[in-house]
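Shared chain: chain A. Partners: chain B in the first complex, chain C in the second.
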Partner chain A sequence: MTIAPPIKREMHVVHSRGDKVFRGIVTAGAMTSLIILGLIGAFLFGRGAQVFSQYGLKFITGTNWSASTEPGIANEFGMGPMLVGTIIVSIIALTFTVPMSIAGALFIEFYAQPRVKKILTALLDLAAAIPSLIFGLWGIQVFTNIGQRWASLLGNRLGFIPIFNTISDNYGRSPFVAGCVLASLIVPITTSVAREVYSRTPRELIDTCYALGGTKWGAIKTVVLPFGKSGVVGGAMLGLGRALGETVAVYLVLNLNFRYTFKILESEGGNVASLIATRFGEASTEELTALIAAGFVLFLMTLGVNMIASAIVTRTTRT
Partner chain B sequence: MSGISIPQPTRPWQRKRREQIRSGATFTAMAILAFIVVLFTGFAGFDGWAISLFIISAIVLLIKGRKLSQKERKNAFIQLLIASAATLAFLPWLSIFASVAMKGIAGLRINFITSDMRTTVPDDEMNMGGALHAIVGSFMMVIIASIITLPLGILSGVYLTEIKGRFTFLVRFVVQSMSGVPSIVAGLFVFTTYVSATHGPTAFGGALALGILMLPTVARTSEEVLKLVPDELRSAGYALGARQWRTTLMVVLPTVRSGLTTVAVLGVARVIGETAPLLLTAGSSTALRFNPIHGQIASLPIYVFGLLQIGTEYAVNRAWTGALVLMIFVFGLFITARKVGGKDKR
Partner chain C sequence: MKASTVSQRIESEGKIMSNTSAVLEMPEQSFAGLETRGVHAWFGNHHALSDVSLQFPARTVTGLIGPSGCGKSTFLRLLNRMHEFIPSAAMAGEVLLHGQDIYGEGVDAAAIRLKVGMVFQKPNPFPAMTIRENVVSGLKLAHIKIDNEDDLVENCLSRAGLWKEVKDRLNASGGSLSGGQQQRLCIARSLAVEPEVLLMDEPCSALDPGSTLRIEETIKELAEKITVVIVTHNMQQASRVSDYCAFFLSDGGPGALVEADQTRKMFTNPNDSRTADYVQGKFG
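Moving on to the complex of A and B:
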């Protein structure tokens, strides 16, 4: 006689009518963010489409942005220098942010005494809440002096390297200074992600390092840094997304100029978001379309960076 | 009963008082030495002092560590490096707090929060005019934005924790990505859809833009808050025969009432300082206004921003004071959120 193996029972959840309505409402509510995100893309593309079809790739690569109020003269819109400038400023910001964030996170997590750690964690939260406007205000009114001194030091000592080369002696309002201000703005974001990841390092592994006679740095180098690597990359990408789309902090500090420039100490640079903020006030209908198209390009760029970042961060911080 | 001593807990790893004093004294000596270096060499200003302090500490470390092994020396040196880089990371914020507090407080008179700029030009003395219109405008927009966004954001949170439907991953991913939408893009979107279709910039337009920026924060934090509700409570609700909707509305949500307040406060703190979207959607004004759907309206960030554009001495002073008021609001909201949020954990 054989005994029949147990069969998995089929389970059906039958929702009552009230529950169906409830679940429908909640699902619809949760979908709004998806819908809004889709609408943003669709509307900006729809309104900017005319510019894309008229200028094609020249809208991305062109160097001239001139809007004439006279009816006879043709407008020309190319956002190349702004796009390149945005990337340059963001790269400068990241160059400062990444090492500082790693050091800051390591310091809070492994070096600071408990009381200091508590204070610094609270400070980190507060710093992340400072509006970017205040970073811009501080940048132009307070930091520019210091930044200018660093820039002139770089220019005088390392001027033979092309990117540090300058023609004029004016270092304020340069991509370098804007990058520094932007760095101080994104350090809270990247540091808190890095700290979060480092705090998840298995305690046993660190203790094993100590037990084997390792120093603190030994433990950090062999256990903590490899463990937190992808999290730090994700945090840096989040910071990059923020840096690419930042408006007022850059607008207040950077001197906009429509020219491809790779000299980061010179007092001119480009930034897409600042372009929109600058030109928006007095834009004609046609220029407005071009600005919306520029906004669409910015949207795509930041969305791409952010999607990669959130994929990395979600994977590493969810256990 | 004498002679029996109760053993006290000791902390052998803790540094002795003498060691603490000695390291403190060493640090002070190095700081003074660095100051002397600043006085007599080309290093100038605070940053020059910091750099010379760093170099001096490195030298002192080398001298102190001459008896240590290679490994120990490297460890000590990297500790110095990390501490310096961390200080560099934290300094800007301290500088911001200090400069906003010091430069802002100079212009903080009572009239700053009781009058508007209707009859005052930015170059007037600081005892004339104020930012009342901007404060009122900001609060109006933030409140409208909250009324629109909070229900939607909390629904997203409920979806992610209670329903856990097919789209859970998608919703979480979209919320994450949406939090990275540049604020000016949100402004442009509201401009193309709402502002240009109606009578131009209004408080309602500004509120819509702020709402878009607030939604991801609200959705994410309310998910975090709802996760704190123990599953036993849900099971208890079902066991009593309640349907899912009743369990959610009458058990889960009331449990985290104070947590949801935190969500609202954090959402407001996130957007109250936003400037770029309001440039496009709310405009500016010099007078106190209350109509949300007609006419441009002032807001605290735009007030500060506009004064900075003018750039004269008194205008910049006013901007600093405006920034101080803005900071007080943001930090006040933040501290409220922490206080209220702490209640749930007890």
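Moving on to the complex of A and C:
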């Protein structure tokens, strides 16, 4: 006698009505933010599309941005120098931010007295939430003076290195100073993320370092820094995402200048956000379209950086 | 209360040891050099451990037993100054290593921990390191230079009973091993800095019975060369693995040492009825 093969039965997970309602609410919440993001992207692209089709790649690489109000004279829109400026200023900012944030986070987490630690943590999280405009204004007051001194020092001593080379001696309105202001703006958020990641280092791993005859610095080097590595990278990228789109600091410091420049002490430069802020008020219809297109490029850039950052942070928390 | 050997004490005082001070019966020359004299421990205002005096016999396994909250883990962490890492922790009394008070002024805690190593409850190899790097990590941390790293790695892994299983993949991540293997890797890592005493805080509580057995075998082999002090919740484990036992108990107040003796005596004919009740599983 042959035994009939087992027949698979269908199974269904049945959700109660309450479950369904709740699921609907949270799904709607999640979707709303996605939809808003999508709509912003679509709006920027839609309004700027004409510029993309008209100028093509030249919009990204071109170095001339001239809008004429008089009919008959052709407009020209190329945002290349602003893109490069965005990246340069952001790199300068990160150069200051990353070491400062790591050191600050390690101090708060491992060296500060418990009470100091509590206060600093609260202050830091608060600082990370302060609008960038406030930081920008403060930074400009401070760094056009201090940063100028640092910049002139760099220019005088290291002027033989091309990027520090400069012909003018007006350092106060240079990408270097803008980068300093930006750094003061993103240090809190980066430090905050770094501290958070360091604080999740398993206590047992740190104890093990001590139990093996290690010092505190040994434990930090062996366990804490490797553990927090990708978290800090993620935090820096989040800061960078902020830096890329930062308007005020750069707008107030830099003289907009449409030339590719890598001389970070020269009094020229700019970034995409400051371009938009500078030109928006008096823009013609056509220039407005071009500015919106520039906004779309910046939108993509920031979105990309943030996506990479969150991917890195997710990877840390998983391991 | 000062510790002395049982025979001395019976001669001098003519009575059996008090319930807060115990000395393990042993030939004088086999003293491991580690002893506590009247130690107390606090966490903030909470008095966790009271007046424990105990000497550890060399090249043996001493089990610290007792119900949860009796202060045995606290006592263990006092022995290599891990206690001080807990904020608000305090201690009194003396822990002597070869006659030197390890809590004395100017004593380098890191140097003490090199001599008195520790293995923790959960297996915790350094996640970013390979098996080989894990074994030598202690040397790097303590800035100890060695001539032949390969020999050391093989030696430590062999003593921890792991060599045969991992010799072909020393460069694999420590996290790729099973839980029991990871714990033996942690033991190997502790052995690399050549401690005289190895403290183990419930090293098998996160492992399955098979792995537990392997670790217990390893512990017994280790005790041929070094002194092992192990905290365990598990009475069977204490009877299997330890030569001496110290029974801690808290009656609601701070934990205290009830008695300490050879494991066989503790399990068959203890002096204190509370010890008998505990090892027979009547409470705890």
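We take it that the second predicted complex is superposed on the first by the 287 of 319 C-alpha atoms of A that agree within 3 Å, B and C clash if a C-alpha of one lies under 4 Å from a C-alpha of the other, contacts with A are read in each partner's own complex, and residues count from 1 in each chain.
One rule holds in what follows: a residue touches a chain if its C-beta (ideal position, glycine included) is under 8 Å from a C-beta of that chain, and two chains touch if they have at least 3 such contacts.
It should be emphasised that the depicted structure is a prediction, and the values quoted were computed from it without experimental measurement.
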Which partner chains sit in contact with A:Ile146 here, chain B, chain C, both or neither? Use first/second/both/neither. first
Is A:His15 contacted by the first partner chain B, the second partner chain C, both or neither? first
Given the touch rule stated above, what does A:Gly218 touch, chain B (first), chain C (second), both, or neither? both
Touch test for A:Leu106: chain B only (first), chain C only (second), both, or neither? first
Does chain B (first) or chain C (second) touch A:Phe45, or do both, or does neither? neither
Output check: A:Leu126 vs chain B and chain C. Expected answer is one of first, second, both, neither. What do you get? first
Go through the superposed model and pick first if A:Pro114 touches only chain B, second if only chain C, both, or neither. second
The chain contacting more residues of chain A, comparing chain B with chain C, is B
Residues of chain A that lie at the interface with chain B and also at the interface with chain C: 215, 218
In the complex with chain A, residue positions of chain B that touch it: 44-47, 71-72, 74-75, 78-79, 81-86, 88-90, 92-93, 95-96, 99-100, 103, 151-152, 154-156, 158-160, 162-163, 165, 167, 170-186, 188-189, 192-193, 212, 215-216, 219, 243-246, 248, 269-270, 272-276, 279-280, 301, 304-305, 308, 316, 319-320, 323, 326-327, 330-331, 334
Touch list for chain A against partner chain B, complex: 15-16, 18-19, 21-23, 25-34, 36-37, 39-40, 43-44, 47, 99-101, 103-104, 106-108, 111, 120, 123, 125-127, 129-138, 140-143, 146, 149-150, 184, 187-188, 191, 215-218, 238, 241-242, 244-248, 251-252, 273, 276-277, 280-281, 291-292, 295, 298-299, 302-303, 305-307, 309-311, 313-314
Mind listing the chain C positions that touch chain A in their complex? 80, 82, 85, 87, 109-111, 113-114, 117-118, 120-122, 124, 126-128, 137-138, 140-142, 186, 189-190, 193
Under the definition above, what is the set of chain A residues touching chain C in their complex? 114, 202, 204-205, 207-215, 218-219, 222-223, 226-227, 319
